[in-house]
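Just passing along the structure, written as structure tokens.
Letters are used for the chains, namely A, B, C, D and E, taken in the order the chains are written, and counting of residues starts over at 1 for each.
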């Protein structure tokens, strides 16, 4: 879990707005794709030089530029000057340790949020930063690595499915946000399944490894929460933004994503409560097992200690011990007492519900 | 407890507003009933084709259309175009994993909340989604399966009992909400009874199964809370709604439901506190039982170990052990010491309050 | 503890505003007393038919009608029509499971709160609902059973003590509230005494019964809190009420009751913290006692197991065991070793602070 | 700890504004001192009859009347009529169980707060109530008993040190508040020292008495918090007060006391966290000691039980036990096995890190 | 950990605004450096007498005066009169136990915050107070001891890197704040590394020392939180400040520092959650180890107690014990039973998963 490190400190001492890539380099080459459309026209192409897009930002069509990989500082600098972005925005684009946030610069809006994935093998939640620049006629989306969450949207634009081709840039930005928030539900489902499995195991056969599984779940929930919680503010910020970038028609859709985000947060909170309830169960099952162990010990000791003493007495070498000479002392007397003592003990334990 | 899964993810990647049924299919056929009334007139009938109702929505009478079963996507689509609903509303109607919410579209309002039931056999809280569309002259209510919570209201309308026939659509919507919130109290009572039973058992004879009962109660309270908590916001949203859909006269009634909802939430919170107090008691009763077990072991060991040693000493084979030859060594000396030691121990334990 | 049940559900399905008594019937007959006064005049009488009071509500004198017992639905209905109250107010009057609340209907205000008592025998907090209707020239107070908390106020009115005879209805309502809030302090004192007693016992001789006492205290605090907490809102609502029912002069007095209520809540919160601190102490005293038990066991076992082995060795029947034949082997050798081992052990335990 | 009792209940039933002294009588005689000053003039005297001060309240000089001891109801009544105070203010002056509060009566302001002391012997926090009446030309301060916290201010007034002689009544009131808040830091230091001492002991040699020390600390923090927390509101109320009693120049100083109060609250909160962290450490040190005890027991039992069995075997009286007759069976065979078993066990425990 | 003491009390009793140095004296001599610049000009020098700077405060260039060491009361007094600062500001400058705060005096702003360091040897967080006075044409920064966090800014000013030379005093103040907040990330990284190391140890080999490490981490997180949390308010106060000291251009940068501060606080909160999760794991690992110890004891006792009894029986001296005379009783009968019992027990423990 390298999550505790942000490696933000690499920047300490540099002037603000200095462009330095912070974070893991998750993809080798940077890929730029351009989609340009309105209700009638549609164009999609891979692009090598970002300068090719600069003119499109003032045309009335919706221009969506998607960039996979954010370690190319030179590219980001060109984008900054081409689209007229504030140096602090560029700095944030390059830093993958951002908290989800929304900033409103009158002519464009800057949105950062987290795309989440799930590593089936390691049973671990992965996280990737997505930045959106929403301008009047363009949307810039920057991901850390190529992903397929946006493929559905590309498909819809290509085939003019739904209302996306009839709407503006704000709707496209909404659609991207919506795709990401919808993908959260899948992650939650997988975690929910894991919680159920662990919960069942807890009831049937708790063991020591479960403690670490519960602990892992707990810190995953912590991580999820940290990634999703601020998104609520981001979207409500978007909805309340005074700029004309967001139209009323899209506002209703944003309210919908807002509801979904709240639902995700609600689920995360219930999961957290469940996980901490599991810890309680685990801990008391440990106590219960200890109790069971102790009972076995006590039963054994309580039965055999008096018997041992009894046998010890007749192993003594006193000269005058008349019992030793009796004919039935051993087969009837001794074993009889033994049987009576053992039976008495067993009844006693039965009554105390130890057996 | 399949509650951890929302199966919302089935939709990931589809355009927003796509109509897909999400959730369990709880009833086979979809049933539509129409009630149309004002102070003088009253009409009630089962309907096959929803189109029959479309004209009624503009008449001055109150039109209540109740739909049981929400998996019929075609029906919902027709309703959407017939009553002029936003595509996102339709999407929400079909998704049974909604969080209670209220949305104000000027010409109509959309309200979602949870109807709760209690499965006596499984001792489990059940939940069903109810959606209301409140228009100027119609109310649309959509349930997952036929239920009898609304029967009382139907009765009142039929017999013109109370003031319902004299009031408008907003009052009908209120009456539906009120019926559901009132039904919550019944669920709370049943859970309250279970809490009392478990609490009494905890005092009289705690056992290991109780841990799971407490855990189940806890996650039920969690579930209840998640279902009811947002309702508070929903109703206060309704009260503050600027639209003319809600009249002042109904506003007072809504304040009353609001109070009831707060009371339900209060009770849920007290129950949660009670349940977590029960966990504390359970855990310390486990410790207390362990203590009791340990005391038995210690008493037995403390009594019989010295005695055993004593017997062992006179089982030794040293040639020169004068005591062995004394006449009263065994019957008086040995047993006398034994009796004194045992009595001494018992007095000691009595003083330590172990016996 | 029948506190978990609200029996609110008896009403589920009835139209809102239906008058049904909910709660225990705490008194047999309903008693109505009328006090009518201003600075000069004073009149006090028992009344049989509520209709006798209806004319007084418009005279300039202060009319205080006190009703003990709230199960008489017919009476409440008459009051409703006589004083022009909203049906929902009447419904709330009859339902003793209300949360403290304040509602402002322009021509009158409706206030509900809890009167608390303390059952010395069962060591239990009792609760009774008090409803006030504050009109322009009348105050209606409805209690579940006859009580003596208001006797002081009656006395003051009779004897024209203090400023009550010179002030209006709002001051009377304030005086009633104040009397109830002042009586809370007595309850808190009694609970405080119990907390102190339990705390002292915890230090001197903790036993298993204390767990249940602490648990009872805890759920009483929970109950108290639920009864008092909303009162704060009620009073601050009264102070901020826009209606002309409350004069400025009385406003200052309300601020005073508000301060007292906050003080009561503060004390309840400290008590809760104290009680949960006591649980911690109890639990660790259980652990400490277990530790003490274990030490006794370990000391006994550690001393007598080696000795027992030692004795066992010389009880063996090997032919060639030269020690057995030595003259001083038993009296000096054996017992010397025993004494040395025991002393060594004791010193060891002394050092480990086990003795 | 008589802190749980407020003895407020003595008043229950009396009309509001009735003057009754509530609280301990902490001083025998009531002492009144008068300080009257402006930039040029200065006068200080002990006063017997409060009436002597009444004329000074309208002169332009600053008149500071300090009263030690608040059980003299007659005196308070005279003050009330002499300075024109509201009856509820007089009631609050006499009741030492007040929560810190600020009330703005246009012509004067009423401020109540707690002066704290520390009893070195009992290691206990003491509390005394201080009331301030801030009028346009006079300040009335009422303490429960003579104290020396205000001596510094008297000194400064006498010697015209600082700016106090040049400023008005509001500055004097500020100075009194500031003196009290500054004295809180001393209390915190002493508690901080105690926390450090206990923390060190916890690491070096935890014992059972510490539990009660920690518990005492905890309830002291609770008490401190209750006394100081509302002061924050009091001061911010003063700052925001609309009355002309507080000048802008003094406002800046009040902001400073506000900051100090927040700092005190912050420190109290950290101390609370520290103390509850200490409880965790204490509890797990109890577990660790139990573990240590159990290990000793287990090691002893694990070594001597097999050995004892071994010795027991050769103490048996079977006729045909060939080993008994071997020459080296006892000195080499028996003791050899014993040594090997013991060494094996020790190595095993070493590996398990139990030794 | 001398953190519990504030030594603020040294001042109790002195008039407000009295200049007394409170805190450790961290550096011997006080060093004053002056940097004076605008877009064209740049001047940097060490200064002996603060009076040399007074004229510069009214020139249009940006004047940055940095003072290392704050125990020289005379110097602070001179600064106060030279720059026209309020006496309370001077008092705060000298007191190193301040809570981060922002105060707006129209002609200048006063900002206090904490610079954090990390002592690698003691693994401890260090803290130093930094005060900023932001005037219209000057910035005064006062540190407790010389540090290198501001060196990067000095470098940038010297070399006219970034936009600092083109911006005003507000940007310089921002840059100083930003440098400090950026340095927090480095501290967090180091603590994050420690958390990871402890977490790994917890899984592999937990021991008793870890409890104190976890406790130390916890109180460090507490300390960090206390130092950073108020900074959020400080910066948002700066952003909302009405004075003209902060230009809009700098406002955007302040929003960025604000985001970083929130990120720091977020990380601190996650760390706190992680650390308290670690405590849970530690505690249950203690229980698990106890369980393991108990199992060993129980297994040993359960096997050897019956065997011991068995051997004891045939060590008895009864005359009539026919088994003793059988030829194969010892080699086959006795040892056979032993082997069967031991095997039976082992299978039983295997099934119970104790082995």
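One rule holds for everything that comes next: contacts are C-beta pairs under 8 Å (C-beta built on N, C-alpha and C of every residue); 3 or more make two chains touch, one makes a residue touch a chain.
Fair warning: this is a prediction, and the values are worked out from it, not measured in the lab.
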| item | value |
| --- | --- |
| Shared interface partners, meaning chains that touch subunit A and subunit E | none |
| Same or different contact residues where subunit E meets its copy subunit D, judged by the half mark | different |
| Approximate Å spacing (C-alpha centroids) for the pair subunit A, subunit B | 26 |
| Centre distance in Å when subunit B and subunit D are each reduced to the mean of their C-alpha atoms | 42 |
| Mean-CA-position distance for subunit E and subunit C (Å) | 42 |
| Residue list for subunit B, restricted to those that touch at least two other chains | 287, 290, 294, 297, 301, 305, 308, 312, 315-317, 321 |
| Cyclic ordering of chains (reference subunit C, direction subunit D) | C, D, E, A, B |
| Footprint of subunit D on subunit E - complex, ascending | 1, 4-9, 11-18, 86, 88, 91-92, 97-99, 101, 103, 105, 207-208, 211-212, 215, 218-219, 222-223, 226, 279, 282-283, 286-287, 289-290, 293-294, 296-297, 300-301, 304-305, 307-308, 311-312, 314-317, 321, 323-331, 334 |
| Residues of subunit D that touch subunit E when the two form their complex | 149, 151-152, 156, 161-164, 174-175, 178-179, 182-183, 185-186, 188-189, 192-193, 195-196, 199, 203, 252-253, 255-256, 259, 262-263, 266-267, 270-271, 273-274, 277, 280-281, 284-285, 287-288, 290-291, 294-295, 297-298, 301-302, 305-306, 308-309, 312-313, 315-321, 353-354 |
